[in-house]
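Lettered A, B, C, D, E and F in written order, each chain numbered from 1.
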C-alpha cells in the first residue's frame, strides 16, 4: 500500500515535467492545425547535440567504471531486442488485416531504441536525483542493432518461404492494407521479376548499416571522444547546459509528429494502434524484470534498471525507419512509422518514463 | 526642462545598446553588398526561440497576476489595432499613386505586431530595470488579430463596392503602382473571371489563420506551457540565457532585410516611405496615451504602457505578410512589405523603443 | 635540451585537446562511411557565430590598444600573404603534372586565412593562458586579401603570356591533370572563343569581392560592433560561452570534410599532397620568424607571434574557394580545395597550432 | 505496354502549394511532382515576404502527367482563373513521348 | 553541330538516390541531373519517415539525357524491376529537340 | 489564344546564377525559372568547394520559355562561350506544345 501510494505520487509529479509539457504541447498545436514548424536543419542539429551529449557523458563515465559490470546488462539488452521482435512476430502478425512483413517491421522498430526518449529519461533521472551507471546509455546499440537485424532476418525468411510455397511473386497475398492493385501498372517491357530466391540474408551489412546511421554514429562518436579525449571544457560549457533546452524543442517536434502521423496510422487499421499502446509498457516491464535480476546479481543500479526499461519501451525514430525501409522494402512504412511515432513514442515518454523511474525510486526507498 | 533633459539622456543611452548596433550593422553590411547571410533555418529557429521565451515569461508571470487588470489594456490593444487600420485607410489611401487595396494592406501590417520588435523592447526594459506586468507581452494577439481582420474586411468591402459601381473587373483602375497591363496575357480558353460578388467576408477564418500562423502559435504555446507546466528548469538554462544573443542575430537579419527591401519600396513611391516613417511613432504615441489612461485608472505599470506603445509602433514581419497576401490578394506585397520592413521596423526599433521606454522612465521618475 | 623537452611536453598536452579530438573524430567517422552529417544551415550559422565572436573580442580589445603597435605585424602579414603565393608559384608550379594555374590557385588558398583554424588557435591560447594582443585576430584580412589578389594577378599574367606566345587558346597545353579533351564537345554554333586578351586585371574588384565574402564580412562586422557599440551583455551571455562548443562541432565538420576530399586530392596527384603537408609548417615558421622580429622591435607579444604563425599556416576554407573559382576560373578546384581541405587544414590544426603555441610558451619561459 | 501522355507544368507562388495541389487532384490526375523554384517573370516586382537575405525560393513548379490535353487545360484554367489575376504564375504543356513505368496511369 | 537526344525522367524515393545513380552510370549515360522533389502518386499513403512537421521533400527527380530510346528503356527497366515493386516511382521519356552545348555527349 | 514556344534548359554551376540570369534577361526572355540541382557530368571531378559532408546541391538548372529557337541559341551560345570552357554545364532545347497561361509572353 505504502509502496503503491509512494509510486503514484512520484508518477504524478513527473507528469508535470517540462519534457512532457512540450510533448503534449506539440500534439495540441499540430492537432489545431498550426503552421508552427521547427526547421529540418534545426531538428537534425538538435538530435546530433543530444546524442553527442549522451555519448560524451557515457564515455567520460566509463573511464572510471568497472567494465565487467556492463556484461550482464548488455547481454540482457541483446536478449530483449531479439525477444521484442519475436513477440511482435507471433502476436501482431497474427492479427487480422496485418500483413506479416508490416508486422515484423513494426516489431523491429519497437525493439530498436529512440535516442530522444533515452535523453528524456536521463533528464528525469537527473532531476529526480536517481543515480545510474554512467555507461548505462551505452546499452543503446546492444538492443537497437539486434532488434533491427532480427526483424530483417525474420522478414526475409518469411518472404523466401512465401515465394517457395506460392511458387511465385510474394506480393500476391490478397486483401492487405499495404497492397496495391497491379492492374493499371504501366511497364515499358514487362520488366523481369527480381530473382531474389538465391539471395541469403547477410547479417554484417545490416549491422554496418545501423552503425553508420546518423544516430548511432553520433552516440558512438561521443562515447569515443568522452573516453579518449578531455572534452570536459566543451562538455561543461556547451553540450551539458544546452541539453535540457534542446530536449524540450525535440519533444515539441515529436509531439507535432505524433499528431501528424495519426492519420497514417488510422489508414493501416486499429490493431497497430493497440499494439503500439501496449507494447512499450510490456517491453518496459520485461526489461525492468531482467534489469532487477542484474540488480540482484551484479549490483546494477536501480537507475540503470529504469534506463534499460525505457530503452526497451522506446521505439526508434531516427535511424530505425530508413534501415527498415531498406531492409524490408516490401513492408509498408506507414504501418510501422505510424504505429511508432503516433502512439508508441508518446506512450513511452508520457507513461513509460514516469512508471519506470517511479518504480525505481519506490524500490530504492 | 528637467523632464526633457532626463528623457533625452536616457534616449541617447539606449541608442548605444547592442540591439540597435546589430540592426544598424545589418543595414550597413547589406548596403555594402556583402554576401553575409544567416541561413533561413537559423532565422526561423531564432524567431521560434524568442517567441517561446516571451510566451514562457508571460505564462509563468500570469499565474501570480490578478487577471482582471489585463482587461482594460487588452480592450485598448484591440481598439488601437482597429484604429490604426482606419487611420491608414483615410490618410495613406487618400494619397496620390496609392492604390486603395495596397494602402489598406499596408495599414493592416502596421496595425499588426512584430514579435522581434517586442522582444527588443523587453530586453531594453530589463536592462534599464523598468518593471512591467509579466502578462504585458500577452497583449500581442489582442492588437495583431483585430488589425489584420479589419484590414481584410475593409479591403473586401472596397473591392465589392468597386465591382458593383464599375459593373466589372475591379482591377481596371488606371495608373496604379501595382497594376499590370493585361494585353499580352495568354490564356488557353479565356478563363471566366472569378465570380466573387456573392462572397461575404467571414471573420472567423481570418482569426483562425492568424492564430495558426507560426508566430502567434509559438507565443501562445509558450504562454500555455508557462501557465500550465513547470518550465523553470528549461527556462533558466536555455530560453532565458540565450535570449539576448539570439535577439542580436535577429536584429542583424532585420537590418539586412531593411536594406534589401529599400529597392522595392522605391518602386512603389515615396508616399509609402513617408507613411512608414511617421506611422510607427504616431501609433506609438496614441497607444502610450491610452496606456497612461489605464495607468491612472487600473494602475497599469509604466513599463506596461511602454510595451503597449511599442506593440502599436511595430509592424508585423513574420506572420502578417502571408496572412495579408492570402486575405487581400490584389494588394501589391512590395508596397506593404517594403514599407514595413525597409522603414517601419527600423524606425520602431531605433526611434520608437528608446522614445517610449525613455518616456516611461522619465514619467516614472 | 631543456627548451626542447619543455616544448615537446607542451606539444603533447595540446594533442589531447577536444578541438583536435573532434577533428580526428570527424576524419574517422567519415572514413568509416558514417551517414552522420551536420546540416548545412547549422554549419553556416556556426561559422558566423565564431567569426562574429572573434571580431567582437578584437573590436572590444582594440579600444584600449595602442594602434601604432599593429602596424609592423600588419605589414608582415601582408608580406607573408604575398610571399606564400610566390613560394608556391616557383615550387609547386614547377613540379611535374602540376598545371600552372592550378598551382597558383593552390598557393593562393594556402596564403589566405581560415577563420576556423584561427578560432581553434585562440581557444588553445586561452586554455594555456598565453596572452596576446586583442587586435591580433584583426591581422586576418591583412594576410588573406593580399594572398588572394596576388594569386589572381599572377594567374592572369600567366594566362595572358601563354595566349600571346601560343597565339591561341591557353588550354591547349597537353597532358594536364585538369584538362578535358574537347573532341566530343557539342556546340550549337561553334561559339566564338572569348577574347580576353584585352582584359587587364583590376585589383579593387578582387579586394571588394574578398571583403564582401561571408567570412570577412562577419569578422569585420564583429570588429566594428565591438569597437563602436557596447556588446558586452550579448558577448558575455552568448558569443563567448558558446564559442568552444560551436568550435568543437566545426572541427567535426572539418574532419569529415578532410576525409571526403581525400579522393579528389588523390585524382590530382601526389605533389599536391606533399605541398599541402609541408606548406603549412613552412609558412608558419616563416611567419613565426617575422613575428619574433616584431617581438623584439615593437614588443609584439609571443601569443601574437603564435597567432601570426597560425594565420600563415592556415589555408582558407570558407571564402577563399569561391573567390578563386571566380578569379582563376581555369584552375581545377579539385586541386586546390583537395590540397587545402584534405591535408593542409588538418596539418595546420593538428601540428601547426601545437607547434607554434608550444614554441611561444617555451620561448616565453 | 507504354502510354502516351502530356506534361502540364505550372510555376506559381509557393503560398498556393496546397490550393493548386487540390485542384490537380480534383481534376482526376493520378499524381503530381513539385519542386521548389526561384524565378523571374513579369511580376517579379511583387515580393513574397519572408527574409530575402536568407536565400529562399519563393516559387514552386508543379509537373503533372496527364493523359489528355483536356485535363491539362481544365487544371490550368482552374488555376489561372482562381489565382493568376492576383498571383504570378505561368502554365504550359509539354509532350511526353511515353510513360515507361508507373504504378497507375 | 548539335545532336538529337531524349530525356528520361525518373521520380522516386530519396532513399534510392545512390542506387539509381549507379544504374544510370552503369548504363553508360554521360551524366544526370537530380533535384529534390515532393509529390503525390498512387502510393502516397506510404510514408518516408523523418519528421514531416519540419517540411522535407522525400522524392528525387532524375533527368538523364540519353542518345537513344534503348538506353532510356534499359535504365528505367533496371530501376523499375529493382525498386518499383516496393518503392513508389514513375519513369517517362521526353523528346529533346537538340543538345545545344555539352562537354561530352 | 495559346502560343507555341520552346524551352531552353541550362544546367551549370551555382556560382554562375547571377551571371546566367543576366544573360537571359538581356537576351529579351520574358522570364526564367531556376531550381537547385545536383548532378554528375564529364567534369564531376571538379569540386565546387563548400562542405560536401553537409549535403549541398552545387548546380542550378535554368528553364527559359523562349518564343524562337534563335533566342535560345543566342542565350546558350553566350553562356557557353563565357563559361563552359572553365565551368561545367550543359544546354539543351525542348519542345513546348503550348503556353496555356502566362502574364506576358
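To be clear about the criterion, a contact is a pair of C-beta atoms (placed from the backbone, for glycine too) under 8 Å apart; a residue touches a chain by one contact, two chains touch by 3 or more.
Everything numeric here is computed off the predicted structure, so don't read it as measured data.
Chains touching both chain A and chain D: B, E. Under the touch definition stated at the top, chain B and chain D share these contacting partners: A, F.
In this assembly, C is the chain whose CA centroid lies farthest from the centroid of chain D. Centre-to-centre separation of chain A and chain E, using mean CA positions: 33 Å. A separation of 43 Å divides the Cα centre of chain B from that of chain C.
Shown for chain E are the residues that touch two or more other chains, namely 35-36, 42-43, 73, 76-77, 80, 91, 94-95, 98-105.
The multi-chain contact residues of chain B, meaning those touching 2 or more other chains, are 37-42, 180, 187-188, 191, 242.
Chains that are in contact with each other form these pairs: A-B, A-C, A-D, A-E, B-C, B-D, B-F, C-E, C-F, D-E, D-F, E-F. Contacts from chain C toward chain E in the complex involve residues 180, 184-188, 191. The touching residues of chain E, when paired with chain F in their complex, are 5, 7, 21, 25, 30-36, 65, 94-105. Within the complex formed with chain C, the chain B residues making contact are 16-18, 20-22, 25, 29, 32-42, 127, 241-242, 244-248, 252. The residues of chain A lying in touch with chain E in their complex are 30, 37-40, 42-43, 171, 178, 180, 187-189, 191-194, 253, 256-257, 260-261, 264, 267, 321-322, 325-326, 329-330, 332-334, 337-338.
Residue ranges on chain E touching chain A, taken from their complex, read 15, 42-43, 45-56, 73, 76-78, 80-83, 85-87, 91.
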